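What follows is a pair of complexes built around chain A, which joins chain B in one and chain C in the other.
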Partner chain A sequence: MNIAVLLRQVPDTEAKVVPDPDLRGRIMESEIKFILNPYDEYAVEEAVRIIERGGLAPGGQVPGGAGGLPLSGGGGEAVGFCIGPDRAETALRSALALGLARAVLVSDPAAVEADVVTQGRILAAAIKGFAPSLILAGRELIDTQEDALAAVVAHFLDIPHVLGAGKITLDGEKAVVLREVEGGSLEIAASLPAAVSCSKGLNEPRYPSLMAIKRSKAKEIRKVSLAELGVQSGPQKSRIAELKAPPPRAAGVRVEGEPAVVAAKGIEWMADVAKVI
Partner chain B sequence: MDFQFSDEARMAIDGAKRFAVEKLGPGAAERDEKAEVEVKLLKELGELGYLGMTVPEEHGGSALGAVAYAGSVVEVAKVDAGVAVAMSVQNSLVNDAIEHFGTEAQKGEFLPKLASGGWIGCFSLTEANAGSDPASMRTTAVKDGDGYLLNGTKNFTTNGAIADAVIVFTRCDLGGKPANSAFLLKKGTPGFSIGKHENKMGIRSSSTTEMVFTNCRLPKEALLGEEGKGLKIALTTLDGGRIGIAAQAIGIAEAALDESVRYSKERVQFGKPIAELEGIQFMLADMATEVEVAKTMLFRVAWMKESGAKRYTKEAAMLKLFASEMSHRVCHKAIQVHGGYGFMKEYKVERLYRDQRITEIYEGTSEIQRFVIARGILG
Partner chain C sequence: MAGILVWAEVSNGEVRKASREAVAAGSKLAQMSGAPLAAVVCGDAPGAAETLGRLGAAKVFTAAGPGFEKYSSEAYAAAVAEAGQRFGAEIYLMSATALGKDLAARLAAKLDAALASDVTDVRWDSKPLTVIRPVYSSKLLATVELLSEKKVITLRPNVFPLGPERDLSAEIVPISAETNIRAQVLQALKAAEGAIDVTEARVIVSGGRGVGGADGFKVVEELAKTLRGAVGASRAAVDAGWIPYKHQVGQTGKVVSPVLYIACGISGSIQHFAGMGSSKFIIAVNTDKDAPIMEKADFAIVGDLFKVVPILKEELLKAIAK
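And now, the complex of A and B:
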């Protein structure tokens, strides 16, 4: 039983993100360090733990078939799938050091630039031949907060998708996913194969050991083109039209005096000047 | 010329950073305050491979190389300089000495345990009356049947109280001529005990102790390297050690710089953040420049070691000298940027200032480094 993990690369949480003055909708990349999307680490960790426990019991899997890559290895592998530029290889390397068996990277600019629905369609085509029983992804991207990719992939594979897993329990037939919601929790059962987006708290991603880092070097990152996948990107359905830095914070108003006076003045200001109450 | 880290080195350094921030960060101030040595954290670093970074794979190491090692020590030192020195001693003094001078039996027995964090090691050269001048050491190893009998007291040994493996240097008699020998022994060897635990100004999360030898009998297999070559073993090994100490000094300085940049943007005086004052900006600019210079030098000397340079004694001495004194200047300015708050224990720069000080002293004082450099250029 195979597990596919959707991977993406994002700017480091500490990076200073500045809109590119020359390219609308893009950020200045030259000074930025890129990392594996932190939510994706939960997905990788979960996939690796499932494999380490002996894999999934036999059950539903995405039917392989025409058009897909003949990827299915010995079975029982966790493999990463990514659309991204060449620099995304470093994020894939990190995922391999955390325990994925290998990774597939679609780096055609047409795929990298595509909208999320198109990317989902492309990934579905790439994943199909791998015939996974489970597709795991991070809950959202920490940069753009886009959270649709796993659902779109599930759509094109015609399998269920469950968002925001805090816990995943598997038997051969289904995945039972626990999701924390306002004031309680939901338990959602999805038949396998299924796609699940992973939240923080699902597990604690391991620190890669130096030995694992070394081993990851020998693992394959296979670059595939849209032509090899037999898909086309098609017209762009949506794009980031503009990216703006937040406006600099305006100077505040300082009120001084006894607490009662300060409170009264504050309320007056909120009502009459700021007009927020 | 290529200034890129290899993929593995970058990942190793990133991993060290994450471990330092997440695992070492939360308790660092408290360990300093209470002078607590947490072996568990050190062993966790070891399990991940960070205590055997230059040990070959066949001896259980990750063999990632000196560059990845130096970068990792920097990241650990930014957060807890006491853990950083323990890591430096184990990697570059203990493992390297065994790897270069040990017998196959010693390598097979000690390196896999040291490289995986199962064992902690120490390197015991200094004595009360033999610091900068180790040749004047008085601890003796006298031939006793098939083995040796050790007597004497070593002091200021990093990792002393937590060490499972001990490298100790002694005076010996080589055919009537005085010389020095090195030995490798295990904790629990009869006649060997831990003496005084030092109460220190800085790097208080590390252990520094006396090591006491009283009729401690060692078999001849405990000899490390050739008999009579002890001092050469110590000095050659210290070349590599200085890379680790320089990395520690640079990590402390970088942390002091980061704290100062942040603080100067937050602290408002005369109606604006002090970061907008040219006097503060010039200090920050000098600090950042000095850190950058030292870091560049660090990775160059580490690269020399990694690429198999026979000796890099002069370069390692220059690096250690510059990095430690640079760290002093940077930590000094960091307190200045923080004003009175920098003098208070609530602010990290107070600890960094104390932690930095030792980097100008151990593994050769600044004066000894200058002496080594002068000898290198004068021939």
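And now, the complex of A and C:
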């Protein structure tokens, strides 16, 4: 039983991001450290734990078909699928060190620059031949702040999806997922194969051991092109016309002194300026 | 003229406030472009169509009956697509709630549409339709032109104003759609009575490392209760196990846009700011006058939260009683 994990390389959360003056819609990359999308770690950890437990019981698989990659082979692998430029390999190595068996990287610029719906369609094409029973992804990509990818991939593979899982229980034919919504949570049963995106709290991602890091260097990262996948990126759906820093917040009021005095000033401000009282 | 269709999310039989904001945005867009406005409601919601009519929807498509009692991305996306096709919709709007974003993702794929999620501003008279959305942990804003014929847009809650309710009524059009539901809601678990979700709150009182422990959150909770707000937390407080993850605000937590955000003992990392930077007003209480949050706050109180926050609560009670 195979598990596909959607991966992305993103700028480090601490990175200072500055729009590139020459490349519209892009950021200056020279000073930036890139990492595996933080939410992807929960997806990788969950996939690796499922495989370590002996995989899924026999259940639904995405039917492999023409146009997919001839990837199947061996029973029960967790494999990463990523769209990204060549530098994304370092993020994939991190995921391999966390326990994925191997990874596939689609690095065509046309794929890298595509919108989320197109990327989902491309990833679906890459995943199809792998016939996974489960597709896991991080809840959100912290660079584009998009959380749609798992659902889009699911649509193109004609399978169900659940986003933002805080808990996943598998019984061979379905995944029972607990996801948070405003004011509570939903327990959702998705028949397998299914795509599920993973939230913080799902598990505690491991730190890779030195051995695991060493072993990951021998694992395969296979680069595939859109031509090999038999898909095209199609017409551009959206375009970033401008990328800029948000306007700075105007300087605020600062008070210091006796707690009773500063608190009274705070109340006055809440009533007069913020008008919440 | 291509239409604008809003998916109205219903909770306890009522159209959610966030969805009413989306209808108001749709109404504004309709006025600017001359396009007709419709709404679609899934599930049994008597009265919802009336509300939507008063908010400006000329038509309300309703999908009720088996398959629509509970949320299902598959059935709901099929219904919204069906309504959109009947109405000739090009722009699909919904609020960026948990389910709104879930539905938008499936719908955009189904319609092969341009998707823009968690949008915080719209260029109302732009062509092609152009929206603003935060990216890179809200460190930057992207101005995005939506080029495809069909566009699916989710709007960040609490950012767009509510519109007036007028003496209007909508034509109600019942629709059906294929409901091949493979992801089924088994049950909805409600949060504790009276607890307000951070994403929906007008006021949030948040605690960070300075709160010092689970017990320390009591003063934060009491102030939140007094303001009828929600309790938030920084990642440091959540990772320390002082408060559950659902309260976490920030890059790896929730994105919130309350009217007032009160940060108690939170230093204000860039990751935390990513989650609360679009708050209308920010108050910070911190002993460290050089903490980053103090630069970003509209009202910064240099002081010990354990001394200041309880007094804030008492004074508030007095002010409210007046």
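Heads up, the rule we're going with is that the second predicted complex is superposed on the first by the 251 of 277 C-alpha atoms of A that agree within 3 Å, B and C clash if a C-alpha of one lies under 4 Å from a C-alpha of the other, contacts with A are read in each partner's own complex, and residues count from 1 in each chain.
Note that a contact is a pair of C-beta atoms (placed from the backbone, for glycine too) under 8 Å apart; a residue touches a chain by one contact, two chains touch by 3 or more.
Note that the structure is predicted; figures quoted are calculated from it, not measured.
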item	value
Chain B versus chain C as contact partner of A:R93, first or second or both or neither	first
Touching partner for A:R179 - first (chain B), second (chain C), both, neither	second
When both partners are placed on the shared chain, which of chain B and chain C touches more of chain A	C
Chain B versus chain C as contact partner of A:K214, first or second or both or neither	first
Touching partner for A:A151 - first (chain B), second (chain C), both, neither	second
Contact residues of chain A, present in both the chain B and the chain C interface	none
Chain A residues within the chain C interface of the complex	11, 13-14, 16-17, 19, 25, 27, 38-39, 115-117, 120-121, 142-152, 154-156, 159-164, 166, 176, 178-191, 194, 200-201, 235-246, 249-250, 252-257, 259-260, 262-264, 266-267, 269-271, 273-274, 276-277
Chain C residues within the chain A interface of the complex	11, 71, 73-74, 97-99, 101-102, 104-106, 108-110, 112-118, 130, 133-148, 182-191, 195, 197, 199-200, 202-203, 227, 245-246, 248, 251-253, 259-260, 270-271, 277, 280-283, 289, 294, 296-304, 307-308, 311-312, 315-316, 319-320
Residue numbers on chain B that touch chain A, as the complex places them	7-8, 10-12, 14-15, 18-19, 47-50, 53, 57, 62-64, 68
Sites on chain A touched by chain B in the complex	90, 93-94, 97, 207-211, 213-214, 216-217
